[in-house]
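After this come two complexes, each holding subunit A, first together with subunit B and then together with subunit C.
Right after this comes the complex of A and B.
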C-alpha cells in the first residue's frame, strides 16, 4: 500500500462516504472526490492498459487532459466508455470498469505486443499490411481492431434523455480559476449579463488546490467569498459541470452541461446532458495552463504523475500519490509540489533537477540532484525506483511515485479553433494564442500570465475593457493581494537524454521518442505528417499533453526553433462529446416530424396499411378480411375502380393558391405550356421545367377566378416548388403583381374515380355535375349537401371518370365518410398508393419515377405541350439545345412480356435481342412496372432509344439484380382506354 | 459559414433556419441571349475565396430570398438584404 488518504485536509466531505466499484471491487471514497482521487485513495493506481503495447498505465493528471485513466462507467445500454476518471465526479453506486485488457487489468494477454514492439514502430501498419490489398478489410483490420482500441461503444439504445438549448449573454467567462472569477466578478458588478462556465463540478479552478493566500485568507476561502457575491448577482449565471468545447462563427460557443452524470439514478424529468449554444457578445478565455510532461525513459510506469496533479490530489482531495515521492523537474513547480507534499508528511525521496542552478529552496533535508535526469524507472505495475544519471554516473533512488514537471502550456485550444495559428513565445518557451479579435480575449495563465496575482489582475482588467466596450461603466477595485506567490519559471527540456527505456510522448497512443525520429527520417517531419504517421495526438485526448512535446522534439531533432515547426490544428471538440448530446431530442420518433393527412383517421377506420412517403404516412392499400398479401388487396381495388368506384386520399399533393393581376402571367412563365388564356372554371395539366430544360415537376392548376389560381404539385416536391416560385417571383420578376401561399394543410382532398363516380358524387353535390355541366377538366366551387362549400375538379390520374373533391381539412373525415356511405350502394372502395400506381401505369401516366431529372417533356411524350409561342418561360432556352432534341433520345414506351406469366421490374435495363449487357449496348431502362389486373399480365413504362418508332419490336429486359432476362414487346404506353372514352364519359 | 444571420425582416436567427442556393450575381439572361450567356448562367460557377454574394432563403422564417454578402474564408457577413430589393435596384 503506497497511495493513501491523508488524515486531514482537502475539499472533501469526510462525513459523507460514498461506496463505488472498480472492476468489481467494492471501494469507498468521499463526497467531493473524483473517481481518480478516490481510486488513488484506495491505492488503485493501475487503471488501464495502453492502446498498442498493452503496457500497464496509471493516473497521470487531475483533469481533462488525462491520457491513461479512461474507464467505462455503467453497464449495458447505460454505459459510457472512455470516461476520464480524473473528471468523473464520484457518486454512491458508481460502477467503473477498466478497458483494453483481457482477461484482467493485472494479467493482460495483449501485453505480448510489448515484446513485439521493435516491429510495431510508427508506420508499421501502413508498411506491413499493404499486401494483398483484399486482406486489409477482411483479415488485418478486424484483428488490429480487436487488439487495439479503448472502450467499446455499446450497440443498445441509449436510455438517457438529452436536450439542446440556446443561451445569450454579454460576457461568457470560460474557466472559473483566479482569472475567470475576477473577470466574472468585475463584469457582474458592472451589470453585464455574465455566464461563468467551468467543466469541473466545483468552481474555483486552480484555487481549489492552491496553498498561496489571497487577501489574508486561504485561496479556498477567497474563492467562496467571490462565489457568494457572484451568486447574489441576478445577472450572473454560473454553470459548473459545463465544458465549453467549441468556438464558432459569430461568437457562438458550444458547451455541454453534465446535468445528471454524477447521480446513480437520473431523474426522468431532467436530461443527463444538455448541449448549449451560447451566443456571447464577448468571451473571456480563462482556461489556465496545463503542466507539460517530461519525456524520459520509463515515464509511462504507473506512479509517474504530473507534479501539479500530485499537488492537487494532496491539497484538494486529501490524497497522497505515494509515501516516498521522487520529483523530476525542470523548473520551480517541482519544488512547490515538494513543499506541499512535505507539509502533508509525505517523504520526498529526492528532487532531480535538470537545471544546473536555480534559486528554488527544497524542503528541509531533501536531497537535490542538479544537472541530472531520470533515464529509467523500476517496477512492473507501479514504480518502485528512479534511475538517475548525472555526469555519466547512474544511481537508483527508491520511491513509490515520481512527480514530473516540464513547464507550462497555456490552454489556448478554443482561441485557435477558427483557423488562427498558435504563436511561439521564445520568452515563455511555449505557444500562445494570437490576437483573435475582441470577440474572444485570452487572459491569465491561458495568456501566459502564470502568477496568481497576475491572473487575478488580468481577469479583472480585461473585464473592465470588455465592459467599457459594451457601454458599461465599472467601479475600480484594488487587486487582491497574494501571499506565497507561484514561481512559474522553467528551462525547456524536450527530451531527457540517455533514456534506457522507451520515453513516451503520447501515452494514450503509445508514441515514443523513436517513433518521432522515424517519422522525421522517413520524410514525415512536418508536424501534421508526423502526427498522422506516428498517431501522436490522435487519441481521445487529442494530444493535450503530447502535442507541444512532439513539436519540441521535431524542432530539437532538426536543430530549428519550435516556431518553425508549429502546432497541429486545433479543432472542436475540446473534449469528446456524446452523440446523444449532439442529437438532443432529435431521435426516434422526434428525429423528423410526422405528417398525417386530414383523412388519416378515415383511412385507419377503413383498414389502411400505411407506408412512409417522405414525412407523410400514406395508405398503401386497404386490407379486407381474407386478403393475405398487398397484391390481393391492390388487385381488388384496381378492378373495383375500373368497374365501380373508389376513393383515394390525395391530400398530400402540394396545393398553392396564386393571386394577383399578374397571376396568369406568372404561371405562364413558370410552366412550359401556356396558362395565360386558361378560362375561369378550368383545370389544366402543367409541366414545370428546370432552367436546363429537364422536367422539374407536374400537376394540375385550376383557375378559380380571373386573379386566383390553385396549383397542385407532386407530394415530394411541394416544398421545393414553393421555394422555386418564391425565387422566381422575388429574384427574377419582382415587378410582377402576384402573391401566393401554400394551402396544402388547409384542404382535405380526395379522388373519387370509376364509372360510378358521378353517381356517388351527385348524391352529395348540390350543383349539376353532369358531363354537360361539368365536363372533363372543369374546376370550381361547389356546394355540398348541407351547405358546405367545397372545390371540385374533374381530373383523372386513373383514366376513369374521376373527380377530386377538396373540403376544409377539419371536415375531411366527415365528407369522406359521407362519400363512402353514399357509394356503398354503388360498390365504392377505399384505395391506396399501390392501386393508384397500378391505375396510372395502365393509363400511361407519369410520376417522378419517370421525371427522374434527365427527362425532357418530349422524352415523356409531352413534346407538343411545350409552347413555341411564349416569349419566355423557365427552361425555354436550353430546351432547344442539340442534345435535348436528338432523334436517338430515350423516349417513353410501354412494355409487355411476350410470355404473359413473366415479370418485369423497375430499374431493369433494355438490350437488343442477342446483345451482350454493357454500357455501350444499353438501350434504356424500365421506370415503372406492375402487374395489371385489368390485362392479366405485367406491364411497364420504360425509356428506350428512339422508342416511339419501335412499337411492335422486341427487347430484352435485363435485370441483373433479380438475375432475370425477359423478352418484352414495345408498345404504346397507354395500356387502358387509349381513346379516353372512359375519361370523358 | 456564419452561425447567426441577421435577417432584415426577422432579426438575428440561427443559420439552420436558412437554405442556400448560391451565387447571387447571376442574372437570368434574355431568352434571345447567346448560347454562351445561357451556358454561363445555368452551368458555370466560380468558387471564390473572399467576398461573395449568395442567395439564401429564410425557409424557416419569413421565406424571403435574401442576398447574403459574406467572406468565404473568414466567414464574416458584411450585409444581408432582401433579394427583391436588390433585383429592383439592378433594374429587374
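Right after this comes the complex of A and C.
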C-alpha cells in the first residue's frame, strides 16, 4: 500500500520543490504543502506514538484538531515541540522529529505498555500508586513524571524574538472560509474596519479543497476573486497564519500570528511570532465545522483518516492517502469523498454505510455495504484491511487506507470561552454555540449551516446586520450561486457496536470506549469528571475530535440525551500558544522598565556599585581602590560622614507638590500628626497611617508658601502615596480645594550630611545658611552662585548636620560635581544606600524595614506624635481599637550584642534567655541590623514585647536560618547622639 | 565663585551628537522643551480651558480632569511659566516640569504600526484625531501621547523612564528600521 502524490491538481507549486527531513530522512515536498501533506506524499504514514500505550499512529486530520501527528521542529534551543504536522507550513530545510518514542518511531520500547493495557485502564494511577505512602514521593512520582508529558521542552534560552501588538476594528472575522470571506467582503464594501484572520497560511478555508462551483467558477477561482477585492479595500486587513485563540472581556480577542515560522532563517528585525490583542466592536465566528470521527474497533491504525481530510489532501494538496480506500460513513460526506477520490483515480474498496438507506450515489462500480460497520482493522504500523460486520456476518475488505466520517461538530470554542455553555441541537445532533449577545455572532457551518450556499449567504447577511447595527449603510449583495451543492446529512453514530479491538475515542490520550464505561461505573459519569478520570479531551488537542463523542457515549450508556450530559468547559487557548509569544518583548532588560536617577552618571563616575531598588538603580556604595568588600567601603563612608561630610543621591524619593486654600487641611487629614499650622519656610516629619491604624508611609513635608507645600515620600511608595492622595481627594473629601501633582522627576536631590556640610554648601549657595538664618527644619528656595534657582531643606536622616539640595534634574550632575569639588578640601565623599542605612540605624531612624505594615506609630516610638486634638485623620478611628493599644505589643528597641564581636542579622527572632528556641516562645524580631563603625560592634533595631520597659534586660537573638544564637542587651534605639546636638549644630 | 552649570539630557550618551541618516520612520528627540503642569483652581476648569486654547504657540496636552501639560519648543521654562502665570492668573497652579519630562517625536508612514506594539489605544485618525492627547501606557511605561499630525505623534515621559522608553521604542521600530536622533533645532 502507498500514499502518493497525484500526477496533477492541488494548490501546490510543483515547480518549487522543497527539501525537508523527518527523523533524519531526506524528503521532498512542494511549496504550498503542509508537513503532513508532504509526509503523506512520501508515504510516511506512521508519524508518532500514542501517549499511554505507545501505539503507532498516523495523520488523522488536515487541520488544527490533529491528535496524532505531533512533531518537534528544529533542534536545540530552536526546537518547537508538539507542532501539528497538519498545520505546519513546509519550507526548505524544515527538520522534523517524531515524539514519544524510543529508540525510534518504528521500534519503540514503550509499546510494551500496549501489552499491559488490561492493567492500565482509566483511573489506573489513582488506584495503583497509593501504598505504601512513602513510595509516592520517592518511587511513583518520579516514574510517572518521567512518563508524563508530550514532547520535551528545551531548557536553553529561546533565541527567537517575539512581540505583542494591539489592533482595533469594527468587525473581526474569524475564519476565511466561504462564510468569513462573504462577511469580510460585505462589511468591507460597507466601509467597516475589518480584520479577517485565519490560522491557515492560505486564505479560503474549505473553499481551497472544494469541488463545487461558485458563480460559474471553480471554488478556488471564486476565492481568488474575493481575496483580490478584499486586498483592494484599504479598510480591510487580512491576517493569514493567525490563530484567534481566545475571547476576553470587552470583546478583546487574543490571536497569535506566525510571522516567520515558515522560514528556515528568520530575519532578525522581525519576530517569529506576534501576539495580537484585537479590540473588536463586533466579531463574527466563521470557524466552520469539524468532521466527527467514528468510534470503531481498530480506528487508530495509521491510515485511518477523516474523510474530509482525505478529500482536502487530494483536492488541495494533490496527495492520495492510499491506492485503495475503504470509506466508513454515517452520512453523505463519505460519498463526497468517494466521488472526489474516484475522480483522482483512486480505487474505492467499498463504502461501508452505517445507515439502512440513503439517497447518496456512490461512484460507478463502487460497492456500498449498508447497515454495516467496521469492527476491526488489519495491519501493524499501517492499515491493510477493514473487518466489516453486517447482520452478524464478517468479511475483511482489503484496503490501504480507511476514510471515516461521523457527521459534523461546529467549531464554537471561542463563543463558549466566557462561561456560556454550548446548547444541544436535536435536529443537527450536535452542540451549537449559545447566544452570547451582539459582540460575537456565529455564522455559517459554525452555526450549523453546512451547505456551501448557506454559508456564503449567512456570512453576507450577518455582516449586513452588523454593519447596520454599527450605523453603516450597506450596499446590496447577491448570494453567489453554487453548483454541485454539499449534502451534509448524517445519522448520529456514537459507537460502532461489536468492536473486536480497542475503539478509541481520544487518540491523543489513548482513551477507548471501555474507559468511558469504567468511569461511568465508578461514579465519574459527569462529563467533567469523566474527562479527568479518563484523560479524554486533555493535552494539546483539548478534545477537538473526542469531546462530543465522549458526551454522546456518556449519554448513550445512560440512556439520556447528550443535552443532559453537556460538554466540558471551553477555555482559552483554542490551540497551544508558545510562552515566548505571551511574553513578547518583555524579557531580559525589557522585562521591567529601569528608572534612572538624574545623578546616575555622577554616581557612575564616582565608582558607584548599583543595586536594584524597585525599578530604580541606586548606588549601594562607592568603591575606592584597595577596598575589597562592600563593608570596607561602607564603613569608610560612615566614618567620613560622622567626621567630615558626604553626598548621597536622594532623587528617587517621591515629591508631590500640593496647592490650594485647603492644602494644609488636606495634609492635616492625611498625616496622623498636625500640619495645619506648619509655618511657611519650615519642613516637618509626617507619618501617614492606613485606615487600620498601621503606618503606611513617612517623609518630610515643607511649606513653600501659604497655599503650596512640597511633600516627600519614600522611594518605594511614591506612586502609592500619590494614588492614595487622589483617592482621598476625589472620594473622601471632594469638598477640599486642593490640587497636587508629582514633581519627583523634575528635581535632582542630594543629601549633604556631616559636620562640614554647611562649609561645603555655603561655598555654593548665595543665601545665608548659618544655623541662625537656616536652622534645623528650615526649607525654602535658595539661589546658587551663578544664579541657579534651587530648593534647600535642612533635614537629616543620618543624625548629622545635613541638608537636602534640589536642583532641576538636567543640572543635577553638574551641581553634584560642584559640591564634590567644593567639598574636596573638607574631605567629602560620595555615599550609597548601605552607608545611609548604617547611619540611620545608628540614629534609630526607621524605614520600611520597620514600617512593614503591622506597626503602629506607638510601636515605633511615635506615640506622642499622633495628634489627639485633630477631629479626624486617616487611621484615627481604628488606632484605638482593642489590640492596637495592648501593653504587650511589640515595641521598637535597640539591641547590642553582649559579646561585641558577635553578629546580629535582620529577620532573627528574639527569645527570653533559657527559653527553648521555638516560635512558640517568640518575643519579637530584628527589623534592621548592621555593623556600626562609630561604635565598633553590631547594632540592631528590633520589635520586642513591651520592649520599652525592658532596657538593660538580655534576650537571645535566635537566627534559625544561620543556626546562630547571640545574647544581646536591650537598649534605647538611638545609638548615636541621642541629644540631637549634631543635627542642631 | 560664580558657576555655570551645564544641563544634560538623559539620552546624551545614547544618541549621536551629529544627526545621522534619517529613515522614513524617525524618532526625533528635542534636546530641551519647556513643559509646565497646569492645574485649574477649584471651579476654574472652564476658564482655564478657554485660556489655554488662546495661548498661541503653546501646545496643550490633556493629563486629567482640570490638568494639562503646556509644552513649548520656542519658549524657555521660565518664560513659559511666567506667560502662563500672567495669562491664567488666579485661576490655575503651575509646576515646572521642563526637567522632569522628556519629549519624543515619532513620525513616518509606519508610526501607528510601531505604536500599536506598545499602546492599546485605537490610533485610527478618525478616532484619535490630530490635536488629541491622552495619558496611556506604552508597554510598562506611563506616557502622555499626543497626535501632532496624520503620521506624527509626541510622547512625553517622566525623565527617569526616558532611557527605558527609548530602548522600547527602538525595539518597537526595529521592523521599520526606525532611526533616532536629537532635534536639529532643539
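Worth a mention:
One rule holds for everything that comes next: the second predicted complex is superposed on the first by the 971 of 985 C-alpha atoms of A that agree within 3 Å, B and C clash if a C-alpha of one lies under 4 Å from a C-alpha of the other, contacts with A are read in each partner's own complex, and residues count from 1 in each chain.
We take it that a contact is a pair of C-beta atoms (placed from the backbone, for glycine too) under 8 Å apart; a residue touches a chain by one contact, two chains touch by 3 or more.
Small disclaimer: the values here were computed from a predicted structure and weren't measured.
Applying the stated contact rule after C-alpha superposition, one finds that A:659 touches subunit C and leaves subunit B untouched.
Within the superposed three-chain model, A:616 lies in touch with subunit C and out of touch with subunit B [touch as defined at top]. Of the two partner chains placed around the shared chain by superposition, subunit C is the only one that A:593 touches, whereas subunit B remains out of contact.
The wider contact with subunit A, measured as residues touched, comes from C rather than the other of subunit B and subunit C. By the touch criterion stated above, A:731 is placed in contact with subunit B alone, subunit C being left untouched. When both complexes are overlaid on chain A, the residue A:967 reaches neither subunit B nor subunit C. Within the superposed three-chain model, A:249 lies in touch with subunit B and out of touch with subunit C [touch as defined at top]. Legend: residue contacts after superposition of the two complexes on their common chain; A:279 is shown touching both subunit B and subunit C. Once the two complexes are overlaid on the shared chain, A:747 sits against subunit C while remaining clear of subunit B.
Touching of subunit A by both subunit B and subunit C, each in its own complex, is seen for residues 166, 277, 279.
Taken in their complex, subunit B has these residues touching subunit A: 1-4, 14, 19, 21, 28-29, 31, 33, 35, 38, 41-43, 55, 57, 59, 63-65, 75, 77, 82-84, 87-88, 92. Against subunit B, the residues of subunit A that register as touching in their complex are 166, 248-250, 252, 277, 279, 418, 691-692, 723, 726-727, 730-735, 871-872, 876-878, 881.
Every residue of subunit C that touches subunit A in the complex is listed here, in rising order: 1-10, 13, 32, 37, 39-42, 66-67, 93, 95-101, 116-117, 119-122, 124, 127, 139-141, 158-161, 163-165, 167-168, 171-172, 174-175, 177.
Per the touch definition, subunit A reaches subunit C in the complex via residues 163-168, 193, 269-270, 277, 279, 585-586, 589-590, 592-598, 601, 616, 652, 657, 659-660, 708, 737, 739-741, 743-747, 763-764, 784-788, 807-815, 818.
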